[in-house]
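Here it is, the structure in full.
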Amino acid sequence: MTQQQPQEPIFDVHQLAHVEILSPKPDETVRFFKDLLGMQESARSGQSVYLRAYEDWYHHTLKVTEAKKPGLGHLAWRTSSQAALERRVRVLEGTGLGKGWSEGDLGHGAAYQFSSPDGHNVELLWDVDYWQAPPELRSPLLNRPQKRPLQGVPVRRLDHVNLMAANVTTDKDFWMEQLGFRLREHIVAPDGGEIAAWMSVSPLAHEIAIMGDQSGMQGRLHHICYWYGSPQHLSDLADVMREQDITIEAGPGKHGITQGMFMYVIEPGGNRVELFGDTGYMILDPDWKPIRWTEETLARGIIWHGSDLPAEFFLYATPLIEKVEELEAAGVLD
Amino acid sequence: MTQQQPQEPIFDVHQLAHVEILSPKPDETVRFFKDLLGMQESARSGQSVYLRAYEDWYHHTLKVTEAKKPGLGHLAWRTSSQAALERRVRVLEGTGLGKGWSEGDLGHGAAYQFSSPDGHNVELLWDVDYWQAPPELRSPLLNRPQKRPLQGVPVRRLDHVNLMAANVTTDKDFWMEQLGFRLREHIVAPDGGEIAAWMSVSPLAHEIAIMGDQSGMQGRLHHICYWYGSPQHLSDLADVMREQDITIEAGPGKHGITQGMFMYVIEPGGNRVELFGDTGYMILDPDWKPIRWTEETLARGIIWHGSDLPAEFFLYATPLIEKVEELEAAGVLD
Amino acid sequence: MTQQQPQEPIFDVHQLAHVEILSPKPDETVRFFKDLLGMQESARSGQSVYLRAYEDWYHHTLKVTEAKKPGLGHLAWRTSSQAALERRVRVLEGTGLGKGWSEGDLGHGAAYQFSSPDGHNVELLWDVDYWQAPPELRSPLLNRPQKRPLQGVPVRRLDHVNLMAANVTTDKDFWMEQLGFRLREHIVAPDGGEIAAWMSVSPLAHEIAIMGDQSGMQGRLHHICYWYGSPQHLSDLADVMREQDITIEAGPGKHGITQGMFMYVIEPGGNRVELFGDTGYMILDPDWKPIRWTEETLARGIIWHGSDLPAEFFLYATPLIEKVEELEAAGVLD
Amino acid sequence: MTQQQPQEPIFDVHQLAHVEILSPKPDETVRFFKDLLGMQESARSGQSVYLRAYEDWYHHTLKVTEAKKPGLGHLAWRTSSQAALERRVRVLEGTGLGKGWSEGDLGHGAAYQFSSPDGHNVELLWDVDYWQAPPELRSPLLNRPQKRPLQGVPVRRLDHVNLMAANVTTDKDFWMEQLGFRLREHIVAPDGGEIAAWMSVSPLAHEIAIMGDQSGMQGRLHHICYWYGSPQHLSDLADVMREQDITIEAGPGKHGITQGMFMYVIEPGGNRVELFGDTGYMILDPDWKPIRWTEETLARGIIWHGSDLPAEFFLYATPLIEKVEELEAAGVLD
């Protein structure tokens, strides 16, 4: 029977709206997303290029900004309404992590900026611009914002983001308590400490994941993920990645956690990008009991079938720690 | 830019919990779901058999009840909390469509019963029983409530329901205004009348659809739908349906509306059952503008590619109208 | 038990080497194959463009030649050896259908030319040129002659050809008796006459099909077919065809005959092109008993599941008959 | 241009007809093939059970025989005619490896038995029994010998066999020179020695593979392989294997060599079984130049994408060498 529910769920944060990544090789990074993943360029401004997948409705879901090192620029979440935005801002102002309002950017209006406990730059926003297809790109499939691109193996939409944090539980609690994320799955160490956590505000099994960072660094990015919806496209893209000299770190394979069909590649700027083959499973239960993976069960959680993950998977994040940069310079991680 | 939003969205109804269908041939209907679709029997009681798909978490998602004619027994939706249930009951009591509380059934506690404007039996509930796998059926994939069955081409979970209604707009407005459903797509006639509407409370492009019923009958069922997540399984199941003498009405094919990969079959009791091949597209935008299909664009909305729909698709619903029953008796619809 | 075998099989004809199609809109036809199907241009000469799919090993598998009307230019088959070529030439010279040797063309040496009974231009050859990838297109997948293209939904290789003939049996007997093709499946009318026949010299269920032509014309082409090997690519290409204004005549769907996952489109020059989603079934039995489809069983042979075939499927071939050209001019076939 | 061809190809051996494997746990082995792979039992006799996949046309393609140790019983190839069988027998009699005629077995008539150079038991035959479906199993899909089973994730047909041999070149030369197999791909060591070879008599990239055996043992089996034709079924079966406690040694993944989508499991009797997800690529060229993989290119040949192969893949074969049996007893290989 259903357990007692102490309080009602919060539905204020609704959707991962866009991600900004930093790249020391912005031209190559942009070419990777456009030529190989079929993404569309919406705009260029300053040191940034704005991109979207062909079923992304907003102005952009990816902003690539030139920087000395790869890493996360910022994350943006759209709220479920203007009032919901205002409610969350009031809560965030009480956490000491709020930074205040920005006037917006290409593609959206005012956004409230704050920091995660681990130091990732995040913003909440309501006011967005919808991308308008020029006539030659309009599809007779009216629920698709543009025609399927003829370039590369085109991704369909932004799916999720995976962040590193020194203290997984601290960051997880922040996302859950201040922003209303629901914990879907987590890995728990023998001492009870959390090693990783997957959370969402929708039936997707995760829109954000937090993984433990032992590097002593802050605010690092593990990966961003775009969605295909069909495992065949991972196989198609694997051909492309192998033949176009892009490093496939792992996959195609299937995680037990989230049941996600995955492939991980390193884009030319150094950031890890996941491609998601299908939808995994959907969590429609409003009273979901988080799945707890422990030492005894974890192997099947990490990999349900197919490709193993290399040891670097759990260490490599952007910006890189010195040691890994040295390894990379030596060609060990290529 | 984002338009003015008059009021905040309602998040009280959360999930299609289960469906009851009526069958004049209950043994054959149950065999269809168990032997061909790999569903599991949870319980039997009176004239009813309770079934679930292998990734359904609750006691059951389908109740098959013996009756003289096929059709819908009732629909059940789970709310997002006990408080949400109480809020919706207060609203429903004001509509004149409320019927009051039932004590529950196998698999769930108290449920508030009401009628849709067109006369479908519906209930809202919060208190549910989770199905517990016996040890030999527990999967090492902890986010799966049981092992994948070795029988048939097993479906993964209940997806949606499609109802007929004499006045589409009246029923659509009821679901939206009283229960918080969001309109995702609709077909609009040249005179502005709505011919069909697809709605959801989650990013699924629909959990309920309403299609116009010109038969003069009330409370009819167009179809229930179970989900695979992979188009290959529609092809596998088409083999099975052809070889086991089950009528395939249409498909596999792809709708433009909802982008759903579909196959429609008629179960032995006479109800239409859809099998859903992939997830279609997901609506993550909290401020979605409904997709409007009209005479000019509709052909691609009905069928994006593959199998056409026969004329009967728009007429056949359960219980059958007299004329169709005569046609069926004459073998015309076989 | 195995039946008595009157004589040994002939293994002299080995492979469909290339096809020449005629197009009144050669630029648009070539763009169709290059931009949408990802084919590569090998050469241009006179009024012809030479193309190949990315897993085709020879200089070309398709020659597009400008002409007033669409249709078949010629077909070429490679023999299993130089001696096999000479043996077949001796046989063909005795049929009265031989035309003599050509000096060859771009991509191959001397070829022996002849006519099918219905008047299709055919040649046999042994001496071929292999296409050599420039360094930037060489794949680390050594059994692939070049990298997977980044353009369109790229086809992998030429699969088969389907011809119309006034007398199916006459043409079928010619291919079997003079050239060693094995009959795999056929449709037989109630009066015993053959309506269509599928033949091959390899385990592919067909490399050539003959369908009855009631137009009074000769030497017509029903379609050529390129191969994907994965049904997902038919779905991908259907998106592209719909959005790029190419007529999809039928599919995706699955034939019972050959078990082929099919999609048929009309290229801008007017010729029908099939895309083949998977391999269907393979015929490895050296003593195969042809599958006989008759009135009672034929519906499932034509379509096993999914998309129906329109009536035009059985009439439309290139060059067009007058009546169809008038229909087309009137937009009826668009 | 085409090179000089010294002699004509031999087309006498046509098809892998069946394989006999030995099992110390025959009941569990048979249950594995029937319950999980959906194979059908044709007959039982003595210590043997005869099985076939649902698109295998002959009486059986697999014979499971009780024995103290796992391994290969024998392999059988069907010739292209009775005359072809007699030609090959004359050749084999001259090799010193011939053993003479057997009277046949359930499912086939007289067979000529011989030994491969490494000691595998092989037979050639022409006279076979076709399996006859009982009426309730006959499919309206006339090119399928029976309905698709409703049990497990059913395999479609026998695909190939992979044998170990002390001297790869010796065995490869035997299959090529005495029996007409064509070399499709091979791995060549820096010293020029062959490490493995893939051969076929049809466009399948291999029907037999030979891998180097450093154990000092003879006549060992690396694996047998059944075919699905669709990668989704490997994913489905991986679920089943994980949940039914069958060891997945590797996969799903894609080999570069043969482009095969693979999964390797160990059946309860200890023999390795491969499941083949799609057709890979087809070799239609009658004058194929073997693909040569060397130290520099081999990594991509072994694995093109997805699952890695464990070190045991290259050591484990049946019957097991002492050392591996000890490792297994210690649980190291579980």
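Residue numbering begins at 1 within each chain, and the chains themselves are lettered A, B, C and D in the order written.
The working rule: a residue touches a chain if its C-beta (ideal position, glycine included) is under 8 Å from a C-beta of that chain, and two chains touch if they have at least 3 such contacts.
The structure presented is a predicted model; accordingly, all values stated were derived computationally and were not measured.
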Co-neighbours of subunit D and subunit A - touch as defined: B, C
Interface with more contacting C-beta pairs, comparing B-C to A-B: A-B
Where subunit A and subunit B are represented by their mean Cα positions, the distance between them in whole Å: 32
Euclidean distance of C-alpha centroids - subunit B vs subunit C, Å: 44
For subunit A, residues contacting two or more additional chains: 140-141, 230-232, 239, 242, 300, 304
Footprint of subunit C on subunit B - complex, ascending: 231-232, 235, 238-239, 242, 248, 251-254, 261, 263, 300, 304-308
Contact footprint of subunit B on subunit D as seen in their complex: 35-36, 139-141, 147-148, 150-152, 230, 232-233, 236, 239-240, 242-244
Residues of subunit B defined as touching subunit A within the complex: 1-2, 5, 8-9, 11, 14-16, 55, 57-58, 78-84, 109, 126-129, 140-144, 156-157, 185, 202-205, 229-231, 256-259, 278-279, 281-282, 284-286, 291-293, 297, 300-301, 304
